[in-house]
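Both of the next two complexes hold subunit A, though its partner changes from subunit B to subunit C.
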Partner chain A sequence: MTNVLAIDQLGYKHNFKTILHDVDLTLEAGKIVGLLGENGAGKTTLMRLITGSAKGTGTIAVCGDTQAAHHRSHVSFTEQLRGFTANTRVDRVADFYRTVYPDFDGARFEELVTFLQIDTSLKLAALSKGMKEKVIIALTLARQVNLYLLDEPFSGIDSMSRKRIISSIIKWKPDDATMVISDHYVSEIAPILDEIVVVKDQTVYAHKESDAVREEFGMGIEAYYESLYEGSVQHD
Partner chain B sequence: MTSFGALFKVMSRGRFRIMNWLIVGDFALVIATMMWAFATDGIQAGDIFWTTVAWSILAFILAFILLAIQTERVYTRDTYRLLPLGETKLYLTDLAASLIMFIYFGVIQLVMYAVAEAIDNRYLMKFFGEPSITTGQAIKGVVGFVILGLAFVILCWTTVSLVHLVISATNNFLPNTSRRLINFILYVVVIFLVVRITAFLFHEFNNVGQLIAGGGTTQLLINIVGVLVVAAVEAILNILILKKWVETIPN
Partner chain C sequence: MQFDDKVPIYIQIKNVLYQEMITGQLAPGAKLPAVRQLAVDLTVNVNTVQRALGEMMTAGIVTSQRGKGNFVTLEASRITQLKEQLVMTQVEQAYEQLHALNLTDEEIMASLKQYIAQRGQQDD
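Coming up: the complex of A and B.
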């Protein structure tokens, strides 16, 4: 298996406060990885460092490329569409993506729009939180890249929408692409995860295959994750 | 990688719309003012032309500010910073999109001046009487004025960007107290720069006619190049800061 992501000694400080330090992480191609950790653990920061939106120390290689400008052609990230005015319609946002991303698959986007039941004639201001999250997921998954970074795609949305988003992730993830999903609610995504990465104590505290967790500790992903915080399981 | 053409297209689309709204607003204000004048004191010779010019000055200032806001937004928004391209292309395309839209706005304003002058029965020609300079000198004067004006617009935008990017970069790694101090120093520097640049600008524009009439084209060119060189140095600094230190606003 080839590595889609290789992080070496990554560190990040904001206003002299350490957010992440000594992060080493390698992800293989074709996996669905859960990036787990409590609020403020540094999950979003880690994703932002990978995309180059945040500036840290250390080395990040995406598909073997260490330059941030080149990372972005391999990575699709769930950005919150802040570059658009509230009056922008969803189909206009899609036009923007179609124009600027050579890897944007319009037909795939249309399929996602149908599957996620998105009304593309709506303006961004008119979207509910769940609907906006669906639009972001559709835009993110419509790109054909090696690494997808989904930052808390289920926060604040109803269970039906969550299930649809999870289904879309399974259905539209290319076989050779890796998908990193950050969340602090583990139960709903646990069944689809190949690996988990736990961010704790400002670093990658644990990185394990889901099957290995079940075999080694005799517990599910959620129980394992909670036990790390309770201190009943020590990571290696 | 995102091409220059694709990026320019998406960046200029919103700015084009804003400029059009501004043109419509400007035109509506000119019409409203003339209707008001017609209903009260009546319209005198030159009223249409000077009303158009007066509202145009305000519209130009607004166009400059609105385009500066659009330009600056790009640096801290993931929508643009996540695009697969380098910071140099992002910065230069952003600046070019604003400049082209400013030129578009300026051309429409010139058309409005010409229409107003025609409606006003060639008021301006009568006002100034027999010109003391040749047509060639007049054309050179107008071209010099426009190029110098655009050079100053570029310089002002690169200066605004420099301040914005320095503040944005320092906000990421300095503690709050130091941030406030740096911001205060930057504000003082900016106010000083604005005052100096404005004084220089007025001096230069006053001299454009004299430079052309007196055959001082070389001096005018030197001034334009000087302004553009300073803008280029600021642009290089901006790209460097953008690349190394400026982060986007987090989700």
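Coming up: the complex of A and C.
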């Protein structure tokens, strides 16, 4: 089994404060992984370290490559479109992606736009929260890479948009690509997760197969996740 | 499709498909939807569908034809057998629960008959 991601003894400090320490994490190809943890647990920081936009100690190998500068070409991350002015049209943002990322697949993007019912002539300022999240998902999934990092794609959006986004993930994730989805509320995405990774106490506190949690503990993913905070379940 | 988060998803996928086979929605020899389509329809992971189908193949209920897809077995007797198994599992659960309430076999039979009779009246 090939590993898309191998993190070894990763640490990260900000203003002398430890954000993450002793992170070891290996993800196989083809998985959908839920990255769970409270707000401020370090989920976004971990994603930024993987993309190479933040630098910590230890090693991160993406597809066997430990050079941070190369990670951008293997990883598609849900960037929050902050670099674009509010007047930028969605199709202009897509043009930018096409230019910057050689792996950006225009045909895939068009399929996603149709499926997610996005009007690409709209300006960013005119997008509702749910629509903006759909645009981000379409841009992220239109790239053909080995690792997709979706940072809280469901926070604060309506349930119809959420369902569409979940369906688009199932439809468009390439078979051998791995996808990490961070969330602090797991119940709605639980059925699509192969594995869960819990970030707690500034490190990877638990890493489990979802169906193994159900089989071993006879409890749901949400309940298991909550139990880690109550300390009632043995973890490894 | 709503899943019970406490039960492994691959088992629930198997149960959904078994139910369709037993009720004839999926007849012997019928072609199953493509794996990714099943995943989208059920809102589950492609890998989990693969796992469920893999176990159904091992059990001889689904057959795979290279390049053509997955099919329900043509052996109708295998489906009948499957139905009997599922019925027995349900009966066993109900029986064990009633037995745990200290009911005798006669009382269990009587309460089941009574329930069916009452249910029949409600339906009219």
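Basically, the second predicted complex is superposed on the first by the 236 of 236 C-alpha atoms of A that agree within 3 Å, B and C clash if a C-alpha of one lies under 4 Å from a C-alpha of the other, contacts with A are read in each partner's own complex, and residues count from 1 in each chain.
In this text, a residue touches a chain if its C-beta (ideal position, glycine included) is under 8 Å from a C-beta of that chain, and two chains touch if they have at least 3 such contacts.
The model shown is predicted, which means the values in this text are computed figures rather than measured ones.
Applying the stated clash criterion after superposition on subunit A shows that subunit B and subunit C can sit side by side.
By the document's definition of touching, neither partner reaches A:61: not subunit B, not subunit C. When the two complexes are overlaid on their common chain A, residue A:51 makes contact with subunit B while staying clear of subunit C. In the superposed pair of complexes, A:122 makes contact with neither subunit B nor subunit C. In the superposition on chain A, A:82 makes contact with subunit B only, not with subunit C. Applying the stated contact rule after C-alpha superposition, one finds that A:6 touches neither subunit B nor subunit C.
Once both structures are fitted onto chain A, a short way to say it is that subunit B and subunit C open up an angle of 160° at subunit A, using Cα centres and rounding to the nearest 10. By the touch criterion defined above, A:31 reaches subunit C but does not reach subunit B. When the two structures are aligned on their common chain, the gap between the nearest CA atoms of subunit B and subunit C comes to 27 Å.
On subunit A, the surface touched by subunit B in one complex and the surface touched by subunit C in the other have no residue in common. Across the complex, subunit A is touched by residues 1-2, 6-7, 9-10, 14, 73-74, 77-87, 172-176, 179, 244-251 of subunit B. Those residues of subunit A whose C-beta lies close enough to touch subunit C in the complex are 30-32, 163, 166-167, 170-171, 173, 175, 187, 190-194, 210-211, 214-215, 218-223. Partner subunit B is touched in their complex by these residues of subunit A: 13-16, 44-45, 48, 51-55, 69-70, 72-73, 75, 77-85, 96, 99-102, 151.
For subunit C in complex with subunit A, the touching residues are 3-10, 36, 39-40, 42-48, 51.
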